[in-house]
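Below, each structure is written out as structure tokens.
Same chain, two partners: chain A is paired with chain B first, then with chain C.
Presenting the complex of A and B:
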């Protein structure tokens, strides 16, 4: 997947829309014997590895499932506390799946709004006159492009660092947004686009965005024949 | 193609050095506030990148660019952060920042600490030798021109 996600943020930094296109997450499953050789801690309501990086399990990876059953925050699927469960030697041997923590929708909302402020600070700290905010942020794993419209809406796209043609994609997404959201008489401006808005549901916006994403020429992706909402 | 300015921060966020070459617009706030704002912004960008990244990152945040300037970022294992603002023509300054750290900065940094037992880590580097060496190094860079584009 060359394009990882699409976000839209309104003029005051509030969240409007979000779409994720990646499924692959680095995960590692291992069978453990008592005692456990990784040190775990609770962070943000999740059980996270704090020490003991090996075999694909990295520091910061969250505990996703025990013996195939997905965990629920810091409790197992049956409701027992994970840390207590792992201290009990009678439960071993067991197999645990570690991986990058999946972000809840709340957790996705926060960085999107945080970016709005960082965008403004980037323009204030500029050594040159007349700079806009942050248009492109690059790391070794992804590139984040931001297009700010004249009305203050920010359209943000996370892509692979080698991906090109993003400017056109951003303009195309802007076009889709204005066609589907703004021309809809039931849509209130600057509100999140969700299935609760009468007449406009998330599926109807996703399909055209999905088409726009698959049409971006990419050295890494084949054209996809079917669309998944 | 030009370099606008350069900041060096330590692990706790205090600014160790700041150099300016071609800056056209001041931030409108005092220098101390600007350092704190810059450090805070980069701290937030880093934590934000590690959350948003779909895969585990090796090096982390590298650069960002706006319509007028590009900010390059380099962090060492000890927490020393070097930030350079250039114009948009510069491709990837990571190696240059690494050079600044290892030859200019660490070379003089170590000398400064070793030869000056009274100096305190975490305070502004007030060594003139350091400033002039860094200045010469920046001016010698292939993409630096005194008259900004």
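Presenting the complex of A and C:
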């Protein structure tokens, strides 16, 4: 199953919903001795590797936990500053977990809204009249599919590049949205689905979306089938 | 498509009588609360509007209807697909104005008004005004401003129920997707 995440953006580019389905997160835990051979720096309130890639620890990976305790931004779980902590040789040997940093909800808001603007520019730049905007953005690591409904809601799905059957998935997610969000009279249209105050908790949508995602056939299934004698 | 038939069997079958009773209770309560037929009509229209803005998403998700290119196509979709899907009736589309911006929906039967009779003191009450609001709200969400009203009503003694729909304008402050 290679669906990474689902976003929903409203007509004016505001964020409605987000769901992550990371199947595996590239994480690497290693035991280190003093001195630390990775060069670390602070970026966006997180400690990230800026140089010294090795053994599964890549440049850009953030420091997620020290000795099993999750870090808190640039401070350890006990409140000490990480960079200072790592300079002290008495703290070694210790094991550090590096990995792709989890995005905060603000950080998730940004790409969603930015995509909305890109979508608008894309449809205006199109040489064909009546373009329906960006449907798919492909990179070597992922594919980003977008489905815009006639009412302006954009449903965005990030998947593995080999994944197929996304049109079905997008329609199914649209059905789920129209059921859960709209049939609930306390939900105001185009508002973010995240707080209980709105009457609709983000968790309520997780189960049906997860079911929809598991129904998408995995690209690995047919690849394995074709390899078997 | 097998997926769509799964969707329709998912929707629970509800007793039509319960629906009629619910709507009737709603209207009578509004009458008691407001005591003024015009006010009740307005409230029904507002409620219908709120239903319409949500119903359109459900309609678009369940049917795979694309964007209508002109008002005639809109009329056909409303009569043949939407009314069929939600009320189980198929009104006919008639009485087009010469400019093609007004038409009538003739409803032979109206599930909302089964067994309903309007008393004399409520002669200006438009009992099914909710439907007007629903149509107005739903079309507004797909960027079409319309005016909807009942021009004939079986409850007021006419033979058929006629809904008159007039196209006002296309709302342009909307999708950036070049759908114009």
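As a convention for this text, the second predicted complex is superposed on the first by the 212 of 229 C-alpha atoms of A that agree within 3 Å, B and C clash if a C-alpha of one lies under 4 Å from a C-alpha of the other, contacts with A are read in each partner's own complex, and residues count from 1 in each chain.
We adopt the following convention: a residue touches a chain if its C-beta (ideal position, glycine included) is under 8 Å from a C-beta of that chain, and two chains touch if they have at least 3 such contacts.
As the structure is a computational prediction, the values presented were derived from the model and not from experiment.
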After aligning the two structures on chain A, examine chain B and chain C and state clash or fit. fit
Determine, under the contact definition given at the top, whether A:124 touches first (chain B), second (chain C), both, or neither. both
Let me test your reading of the model: by the given contact rule, A:11 touches which partner, first (chain B), second (chain C), both or neither? second
After superposing on the shared chain, does chain C or chain B touch more chain A residues? B
Is A:144 contacted by the first partner chain B, the second partner chain C, both or neither? first
Touched partner set for A:135, first chain B, second chain C, both or neither: first
By the touch definition at the top of the document, which applies to A:171: first (chain B), second (chain C), both, or neither? second
Using only C-alpha atoms, work out how near chain B sits to chain C after the chain A superposition, in angstrom. 10
Return the residues of chain A at which the contacts from chain B and from chain C coincide. 123-124, 126, 129-133
Going by the contact rule at the top, pick out the chain C residues touching chain A in the complex. 3, 7, 53-58, 60-62, 64, 66-67, 141-142, 174-180
Of chain A, residues touching chain B in the complex: 4, 22, 24-26, 58, 60, 100, 103, 107, 111, 114-115, 118, 121-142, 144, 158
Any idea which chain B residues touch chain A in the complex? 4-5, 22-25, 27-28, 34, 37-38, 41, 44-45, 48-69, 71, 85, 87
Tell me, which parts of chain A touch chain C in their complex? 11, 119-120, 123-124, 126, 129-133, 148-153, 168, 171-172, 174-175, 177-179, 182-183, 189
